[in-house]
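In what follows, chain A forms one complex with chain B and a second complex with chain C.
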Partner chain A sequence: MATKTIRVDTLTRVEGEGALELDIADGAVAGVRLSIFEPPRFFEALLRGRAGAEAPDITARICGICPVAYQMSAVHAIEDAWGITVDGPLRALRRLLYCGEWIESHALHIVLLHAPDFLGFPDAITMAAAHGEAVQRGLALKKAGNEVLRLLGGREIHPVNVRVGGFYRVPTRAELAPLAATLESAHAQAIALARWVAGFPFPEFARDYEFVALRHPDEYPLNAGRIVSNRGLDIAVAEYEAAFAERHVAHSTALQSGLRARGSYLVGPLARFNLNHDRLGPSVQALAAELGVAPGCANPFRSIVVRAIEVVYACEEALRLIAAYEPPPAPAVPVAPRAGVGTACTEAPRGILFHRYRLDAEGSILEARIVPPTSQNQSTIEDDLRIIATRDLELPEDELRDHCEQGIRNYDPCISCSTHFLRLEVRRR
Partner chain B sequence: MSARALVIGLGNPDRGDDAVGLHVARRVATLGLPDVVVEDARGDTLALLDRWAGVGRVVLVDAAAPIALPGRIHRLDPLAGPLPRDLALGSTHAFGLAEAVELARTLGLLPQWMTIYAIEAACFDPGAALSPAVAAAVVPAAGRIAAELAEGQGNA
Partner chain C sequence: MDARPRPTLAVWKFASCDGCQLSLLDCEDELLAVAGALDIASFAEASSTLRPGPYDLSLVEGSITTAQDAERIRAVRAASKRLITIGACATAGGIQALRNFVDVNDYIAAVYATPAYISTLATSTPISAHVKVDFALHGCPINKTQLLEVISALLAGRKPDIPNESVCVACKRRGTPCVMVAQGTPCLGPVTQAGCGAICPAYGRGCYGCYGPAEAANTAALAAAWTALGADRRSIHRAFRTFNAAAEPFRKESDAHGDENHPG
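Our next item is the complex of A and B:
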């Protein structure tokens, strides 16, 4: 039996540490294992005994790239448990904060982490010599997103201004005005970015995915909606655990998620776009059409274009929210802790993020459950890699490795969240 | 920014020796150097490119991965060439200080004058204080930065 091993000790340009192992036996792919070996962070356990009101700040610490997603899922879940409704300007401000995170996280991934794969550069630094304007555009967009986080969240990384019931402090209209100017400029930059990435060469690749995303009656989903799929799934967030199961796999310290009925599924920009294209509004829909991306797109390599389209949307939406903003009478609504169970699911940049908390009468957390998007995409990534590796088996090993890494980056995996680098190992026997 | 020079301390205050850059910057701030702005950077390293835009002289202070001698002060001149990779001015996220500096170099966004002080760390435990050898490097590092800025004053 012919045996061969290809090993990549550090897969760069992903958030976190993990490894990929490919087993190749007799000229065929025999096994694919996406191993996440960052020590599990035990956030679910350390939340026990803490006050429910602390959950948004504690869980924001799970990730420096998508802290808002954690804050939002946590705060909505606690509010669900305590019967609190946050609407009007407070709800709009949370949506604006989330737009900021989408802009900064997507811009970082598109330009600095993923684009080099398509253009044949080892990294963004090398790419910057030939595509300086595009890289500067990415940096400007990231900065614009960070400014939203700084103003509404108190700081860029691990914002501290979100509280159960609303915010600690809300901005004045005058404070939002300079942000609007920044976002106007960012909007133009985002359109140019989307046109740039749409011109990349895309590998031919398509699979019959089950796309899973939130769906809201009238919004492109960020903070709220039902969980739907292209195969008929349509459930309330509280039913999440009835429809999805997590399982431990020996090769990873992150749990893998699957639909109880059908197994692996795909979350993130491509799923959101395919299931919510009609919620994007006419100008963004027209841009998608111009860029040749239509709902039903099943090529994960084109997710970079969809991600860029979402940056355009997030800029537009942020501008709309700022224009409509009237400061609320109070920064938060009254909060009364009580015993109960609360769930929430929001759209992190990488896909749906589910939280559930069980609280006692004093509002202390008895049990916490957090299912990040990268855990949900893990088995889908493995399935993609099986196809990519089978197709590219005859290619030189460095090319095979590059293609696999590009395939992983289609999902903008945040391995830090799901339990940091990726190692790629190919064993041929 | 109208300041002549900018000193930026990088690090996480809650991760042991990772905070040494912050401590050194704070020490430099107490020296009252004329036209020198001292700042902390605890988050996004890519945002550094904006922070030093328009400033003629920039000093960065950061913790380096342990090599052999905790508290050893390395003075690096990024304008002379690429930063040494083995010093591992790294980040758990995609872009660390070395990558930010190299990206700035490629984009032509490095200041005219830049020095990096990298102090070898020993321990990055959550909640830990600076380890003794690293803490002992704070005052000498601040002194070297002050001396360097004073020396270069006429060139600003």
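Our next item is the complex of A and C:
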């Protein structure tokens, strides 16, 4: 029996670091473990005893790549507990802020982290020598998203302007006007980006996934909706924990989430697109059709195209929100803390992000529960890797490793929400 | 063509959110120029090319929370001519340093079903508690303009132009009316190091101290001013115990106002 071990110390171009181990016995893949050993930071524990109003600023620090997602799920959950409704222009501004994060985060992932895989470069900076225009376009898009975050949030990373009840300060129509000009040009760049990535070579790959995303009566989902799947799941956000369970496995500090009834599921752009294609609007739908992506797409390697389509959508939606904006009478609605439990789920760039808080009569947090997208996708990524590794077992180990890494990057795993070093170890027995 | 070798740069992550190293990628207008001026030898978030040291400059994000990381930072230091810590985690221990004030086993049990799988230190400590640091850049997150200044200065062999004045000075320069005086809003600006651009007061809220203590910060006087504005002990305690909770002036002031469960 031949024995062979490959060890790769760091999986690169993911946000955060972790490890992958492949067990190969007698020419077959016997085991796949996506190991995440980020030193735990214990957010759910350190939130206990904090004021509910502090949750958006503290939970933002879970992830520097998608802080707005954490702030949005936090404020919606606390508002749910305190019986507060935020609608009208304040709700629209939250959606606009979230569009900014989608544009920034998706552009980062598509151009700087994932595209080099398809074109055979170690990074975007090296790729810029041959694809300078595409890299510049990606950076321009990223900057446009960041401008939305800077204006509405005060800064790009860990914005300061989000609060329970609304914002600390809201923009005037005149302040939003230059943003519209930036986004008009970003919209054209996003279409060019989507056409560029649609021309990449995609491996044949499809699985029968259970896609899970939010579903809203009339919007492509960002801040609100029911949790639905292509296999009949259709629940209110408050029922999340009845339908999903997290497991603590020995090889990972990230808890793995699964459907209690059926196990692995997939969240993120591909799931959102497949379950909400009818909410994208005619021009984005036409672009998707032109690029050959139809609802039901089950090839995760094509998620890069879907991500780019979402950038186009986010630019369009941001422009629509800016055009319709009338400043609200106050930057926030009144807030009165009270005892209770609140839940929320929003669509982070990488998929649904669930928060639940239990608060005492003074509004202090007694218990917090946070389920990030990466822990939800983790076992689906492992399942994909089992298929990729089985298919590529005979390839040179460098290529096998590259293909596995690309398979992981399909999900844009934001491992910093829970993790550290991603190492690839292949054990052949 | 300049044939001199470009200085090598490495970027390292310890316990953190990735936000400070993202600041480098957020330099959209400067990124390709930085990549041209520097030889990026190791930056796992951005590139699959990871070359061994030595490095002319290492940027270190995150705090030390495991025994392995305590070893790893020594290896990073040994391979680096200059080492800059970026952000509140690396310079002060970050929000995860809240564990320093409790029994970490309570934290583990609150999050994980099987505590035996978890290996962690009882404290989150800044990089400077483990190795020599050549320059500490504050902020949660850092300011990318300051990051570019520190990189340029260290490579040019000069002192970085990073003022350690308070947020108050930055507010006055920006022309923002004082939120404590004008609105009666408690603000940590008088004791917090500038560098963020005094964003919070410009957005109508009090500074929440994410850049850590300014030089010679009189935290006790500020706490008294907060009390005069009606802030209770618990909110003062919480205010000093966030992203720079383990920085000495903030730690002392939060301790003076009780703990989470027993305020005052």
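Basically, the second predicted complex is superposed on the first by the 425 of 429 C-alpha atoms of A that agree within 3 Å, B and C clash if a C-alpha of one lies under 4 Å from a C-alpha of the other, contacts with A are read in each partner's own complex, and residues count from 1 in each chain.
Note that a residue touches a chain if its C-beta (ideal position, glycine included) is under 8 Å from a C-beta of that chain, and two chains touch if they have at least 3 such contacts.
Owing to the predicted nature of the structure, the values given are computational and were not obtained by experimental measurement.
Annotation for the three-chain superposition on chain A: chain B and chain C clash. In the superposition on chain A, A:146 makes contact with both chain B and chain C. Within the superposed three-chain model, A:169 lies in touch with chain C and out of touch with chain B [touch as defined at top]. Ranking chain B and chain C by residues of chain A touched puts C first. By the touch criterion stated above, A:155 is placed in contact with chain B and with chain C alike. When both complexes are overlaid on chain A, the residue A:45 reaches chain C alone and has no touch with chain B. When the two complexes are overlaid on their common chain A, residue A:108 makes contact with chain B and with chain C alike. Judged by the touch definition given at the top, the superposed model places A:331 against chain C, while chain B stays out of reach.
Shared-chain residue A:129: touches chain B; no touch with chain C. Taking the listed stretches 153-161, 171-179 or 225-233 of chain C in turn, the superposition on chain A shows a clash with chain B for 153-161 alone. Residues common to the contacts of chain A with chain B and with chain C across the two structures: 12-16, 64-65, 108, 112-113, 123-126, 128, 135-136, 139, 142-143, 146, 155-157, 416, 420.
Here chain B touches chain A in the complex through residues 42-44, 46-47, 49-50, 92-95, 99, 102-103, 106-108, going by the rule given at the top. Chain contact summary for the complex, chain A toward chain B: residues 12-16, 64-65, 108, 112-113, 123-126, 128-129, 132, 135-136, 139, 142-143, 146, 155-157, 416, 420. Here chain A touches chain C in the complex through residues 9-17, 38-46, 48-51, 54, 57-58, 61-65, 67, 108, 112-113, 116, 122-126, 128, 135-136, 139-140, 142-143, 146, 154-158, 160-161, 163, 167-169, 247-250, 253, 255, 331, 405, 414, 416, 420, going by the rule given at the top.
Across the complex, chain A is touched by residues 13-20, 22-23, 25-26, 28-29, 31-32, 35, 40, 44-50, 65-66, 69, 94-96, 98-99, 104, 106-108, 110-114, 117-118, 120, 124, 140-141, 196-197, 199-200, 202-205, 208, 210, 235, 238, 242-243, 260-261 of chain C.
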